[in-house]
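Chain lettering (A, B, C and D) follows the sequence in which the chains are written, and residue indices restart at 1 in each chain.
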Amino acid sequence: MTLPNPGRKPRVAVHKFSSCDGCQLALLGLGEDLLQLSTLVEFVHFAEAGPVDPGAEVDIAFVEGSIGTAADMERIREVRAKSRFLVAIGACATSGGLQALRNLAGGQAWIRAVYPRPAYVDCLATSTAVSRHVQVDFELWGCPVSSRQVTVALRALLSGVQPVEERDKVCMECKRSQMVCVMVARGLPCMGPVTRAGCGALCPGIGRDCYACYGPAENANAEALARRMEASGIPSAAVGRRFLSINSASPPFFAAGIGRMDSHD
Amino acid sequence: MTEPRSIAIHVPVLARVEGEGSLEIRTRGRTIAELKLRIFEPPRLFEKLLEGRDYGEVPDMVARICGICPVAYQMSAVHAFEELFGIDPGPWVRDMRRVMYCGEWMQSHALHIHLLAAPDLLGYDNAIAMARDHPDIVRRGLLLQALGNDLIRLFGARAVHPVGVRVGGFHHVPARSDVAELHARLVAAVPQAEALVRWAAALDLPESEQHFVSVALRHPAEYPMNAGRLASSAGLDAASADFTQHFAERQVAHSTALYCFLHGKPYMVGPLARINLNLERLPAAVRVVLDECRFSWPSRNPFHSIVARAAEIYFSVLEAARLLRDYSVPRAAHAEVVPRAGVATAATEAPRGVLWHRYEVGEDGRITAARIVPPTSQNQARIEADLRHSLETLGLERSDAELRQRCEMVIRSYDPCISCATHFLDLRHARD
Amino acid sequence: MEAGFLQHGRFQALLDVLHGCGYRCIGPQVRDGAIVYDALSTCRELPQGVRDLQSAGSYRLERTSGLRYFGWANGLQALKPMVFAPEETLWRVQRADDGALRFSASRPSFANLAVIGVRACDLAALALLDRHFLGTAVADPCYAARRSGMFLVAVHCSDPSGSCFCASTGDGPQASGGFDLALSELDEGFIVETGSARGADTVAGLGLEPVTASQRDAAARQIDTARARQRRGLPSRDLRAALVSNPEHPRWEQVAQRCLACGNCTSVCPTCFCHAVCDSMELDGSAGAHARIWDSCFTAGHSQIHGLTVRPDTRTRYRQWLTHKLGSWHEQFGRSGCVGCGRCISWCPAGIDITEEAAAICSGSSDG
Amino acid sequence: MDDPLLPHEAEVAEYIRESAGIFTLRLRFRDPAVHAGYRFAPGQFNMLYLYGAGEVPISVVSDPLDDTLFDHTIRALGRVTRGFAQLRAADRLGIRGPYGRGWPLDQARGRDVVIITGGLGCAPAVSLINYIVRRREEFGRLVIMQGVKHADDLIWAERYRRWSQMAQTQVVVAADVGTPLWPWQVGHVTDFIGQAHIDARKTIVMMCGPEGMMRAAVGGLQAYGLPESAVWLSMERSMQCAVGRCGHCQIGGKFVCKDGPVFNYPQVRELLAVRGL
């Protein structure tokens, strides 16, 4: 992307939709770098940090959270219209997030079950990714995204180039860090072979199996991994739940998981 | 004196609170006709999502309720299951969980004090603007926040949605060298944390003497984090399993968050409530600094919450340093877990206050029903009561801008976390 | 050349001599359920009385009653990460306010390494990596810096695992060269051979005992048994023609159904050298770095040219891996790229066996 | 160059916009000694480093005897090349090279030359045409065949017109999709090889472009009885190092960066036949 008239600071907005706020912490948790960042860009809307101007025209908009209400659908269109480059950050914004599990059960039924007076609640039956509603220029996957991901992408945009998409498997990072594979050496049902890199293989790094919070990698052979887990003695339904978790609405995970789930309700 | 008038204050997006909420106030004459702290964050139906899941999946799932206090969610969940399954993870796990919780208190409180609340008190729109004039204060805050994050990382590999916690203990044992490095940083941060409390106590905080009930955990020997009984300044003393005998949630039309009441009345949870109820459990070093304040403890002024937060940061630095000083590597990072059917409940002290979980678990270790009561829904009625009080004492004749600013200050002083607040489920209704 | 016999109880003396010569010793150790190379200060850290059970997609360690240090086949990685780092900055660049760029090379600061317990297959693989990174007009500077001064203590393999097939590639179980010292481990101690002048210098002062004929016999027998125990093998040492003539074999699609395209095989392969580069910048834009990181022919980026991925699916990626490893290597390096260590078989989370796939494709049969 | 991977600082002397998505950077090395020592042949390429963003292989299109500047004509396609498109005169970048084997110009001298290219402004061919046009008398008949997908994609239409008017020169331009005023052919450029009047005994063919086009062209050339060894082609693969180490540019046993990018057809005959190698 090309930045407008060099000389003026690029204007940045951080918008929040249905989420846990964890991805915004990639910015709020930057420490000293946050102060430096504020000399490089102008945050015109970032409610949690202070500036509030949701309707402002911006160069770069970071969008956290999934689209879960009719009002959200309206608002994301406005955000798109006002943003030159829109970056969806985190599992909620890129796949619908953990809350997209409600898509499987018929969300309205759940709302009726959850709230004594459902009529008060503006909530769609589904929780969906931002890209299902508007054009997204770049996606950062992860639940949550890390400060590294956000600053690297932002830095690239400030330099006028598209950020690099990380889409290899977690196994690549795992092996580059010389970790011992927990699947091969301990028989754990690691999701690394189908999960998008970016976290630095945190879970195998502390001796546990990856649970795919970064969503599907490119060319993810989810079905083969599911069958491999079943062959190792894990019940089908448990395998299904591994795929239908934080990124249940992403197509490869949905396909591998849905047939394996015992009836959810 | 100006004529009483009809005003409407509308803050469409509350800035510097976690999550998105709004405030609407309508006054008629000298009285407040309507006051709505509206939380419009869409509900995420977590309790329903948990049904059918294995107990082992719960810590990673409930973390996603809140990015600012995921450790608290994980802690309440694992304690509930361990209690039900009859597991004693042993002293090492117990201590290290406390260290991890210290990390969360430090990062959450430091974030709130410096990025969310302080700009109000020093007259800035936001922390970035404030940093230009008060760089050292902001730097100190960022340093303590980073230290807290690194304590969480020590056990959880990352600070948000850490991956190291499991039922029975942890997934791994931190290396001695990593612990030594963090211990050194904690020791070095002690003077900074102490200075932070003095700085907070010296802030020009509004006077606001109010009557409210404080609720927090109390433990026979410790400042409460993971363990203790539910206590209140009105004499409550209950096991966390008995939570529903005393506390009840209600839905109101204007909010997706449920309101929680103690014996039908609003109450306060969080740092101020904790200190009010556990003053004598604080280490002497922290008490000394608190005793030097211009006001006395327990405090009846909710604006003193910022001092309570600073004091808890100081406490957390000392406590984590104490627990890591003679760090030893245990034989195993976690105890063996064999699930059993029944009802699991636990309450722990999230940065914002009591966080209560309840799970019904089947024979196979899978969840059949879940209920979570986060601190923000407990504080919500109290915040509205405080707003009424604060506006009426300030005087409704003040300008809209002044009233609005005071409202925001009041709300922020509770550090509400709206993401947490909107996951709700009222079980009694869910069943029919 | 045979130098003498070192009693088992005196193994530490060898480490002490190496430390004394200024080497940083690296040796096999047990970590996270596998044998890995790591800094070694005493022989107590070696995997004594441990053996490895390896099969397709599985690696387990087991305690034995024996006292040997090297009674196992191999661990997660060979020597590759020590010479060809998984992530390494190649150069840095500073940008001045006027936009001027100043480039400066980055070199690993590297202590001389002495690696203990190197296997025959590891040495064969190292020789191949040497050719790739050093055997051109201009050597790779980072590889050269890491490689120079490396002291290699081989241990002939007595206990191949279920995945090993070095006998069929001709690379083991006995190390035939490329080491400074080579050891045959017997229950009571080690027959020490020297492979270089500095190897000989190192053991000169160790007070080695003469080797007895029965010790020599036992060592030879143990190699024969190790060779005979290997169950897997490649159909031939040169499969180039057979692979090149079968690009549309249905077996490629069948293996693609199981393959996760995760790149574990290429990462643990001691000869795979593919890498990508990765450019980064300081947040304020004042400086940048250019690094290389291990890549794999199983990634999309490997074959991506603007707008087109030459190998878009697992079928073509797996085919690239196998035809390169067992086929095109002959054209590039005069031999196969496989040294028979079996790592890609054990560490494949899908349990895919290169020897089985090669056999199926080269025999022309499409099932199995 | 002691470090094969370290770029040298270069500066944009001139930025020429060729069309909507294509531009030429005219460059010089900042260090005069480096500049003076730099030699390349048509068909060779450099690695161009855009600060902080990455390195890409780009052919040198200028004349090897022009020692004031060297040129790169670049199509803005992706991450890095779009970044280069934003550079302006005096901006800096990193350059290392040249790499690879260029066109067999010595063999071509005195013979008829047929150049077949597909795609927009296929850069390796541009350097070749420029080279021959400037030394027109050293070569026999020149046939330039350029294929584009859509008539609107053709850049440098003026140059093709000019070339077509030179003596002993034939220009065949074809678009898969034409427009009403399109003066050239409509169809695949390889469909028109029959019009090229090739004398199999004294012709050398050089081509670059999509592999499918090159496969089709080889088929068309067979009709003339042209020996396969008279056909040369330039290949393209992902390149991360350009010195034969990163493994990305392999096609079969060849490293395109050092064994190519220009290959004699028999060297790659089998490879070209398989899709997805």
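Just so it is clear, a residue touches a chain if its C-beta (ideal position, glycine included) is under 8 Å from a C-beta of that chain, and two chains touch if they have at least 3 such contacts.
None of the values given here were measured: they were computed from a predicted structure.
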| item | value |
| --- | --- |
| Required steps from chain A to chain B (each step between touching chains, minimum) | 1 |
| Chain at the geometric heart of the assembly (C-alpha centres) | A |
| From chain B, the most remote chain by mean C-alpha position | D |
| Cα-centroid distance, chain B relative to chain D, in whole angstrom | 64 |
| Approximate Å spacing (C-alpha centroids) for the pair chain B, chain C | 51 |
| Intercentroid distance (Cα basis), chain D paired with chain C, Å | 40 |
| Separation of mean Cα positions, chain C and chain A [Å, integer] | 37 |
| In chain C, residues with contacts to at least two other chains | 280-281, 285, 295, 301, 312-313 |
| Overlap residues in chain D, where contacts from two or more other chains coincide | 51-54, 78 |
| Touch relationships between chains, expressed as pairs | A-B, A-C, A-D, C-D |
| Chain A partner contacts - residues on chain D that touch it in the complex | 50-54, 78-80, 82-83, 86 |
| Interface residues, chain A side, partner chain B - complex | 16-26, 28-29, 31-32, 34-35, 38, 43, 47-52, 54, 68-69, 71-72, 97-99, 101-102, 105, 107, 110-111, 113-117, 120-123, 127, 143-144, 146, 199, 202-203, 205-208, 211, 213, 238, 241, 245-246, 262, 264-265 |
| Residues of chain A touching chain D in the complex | 2, 155-156, 159-162, 164 |
| Sites on chain B touched by chain A in the complex | 13-20, 40-49, 51-54, 57, 60-61, 64-68, 70, 107, 111, 115-116, 119, 125-129, 131, 135, 138-139, 142-143, 145-146, 149, 157-161, 163-164, 166, 171-172, 251, 253-254, 256, 417, 419, 424-426, 429-430 |
| Touch list for chain A against partner chain C, complex | 33, 36-37, 40, 151-152, 155-156, 158-159, 164, 167-169, 171-172, 175-187, 190, 192-194, 207, 218-219, 221, 224-225, 228 |
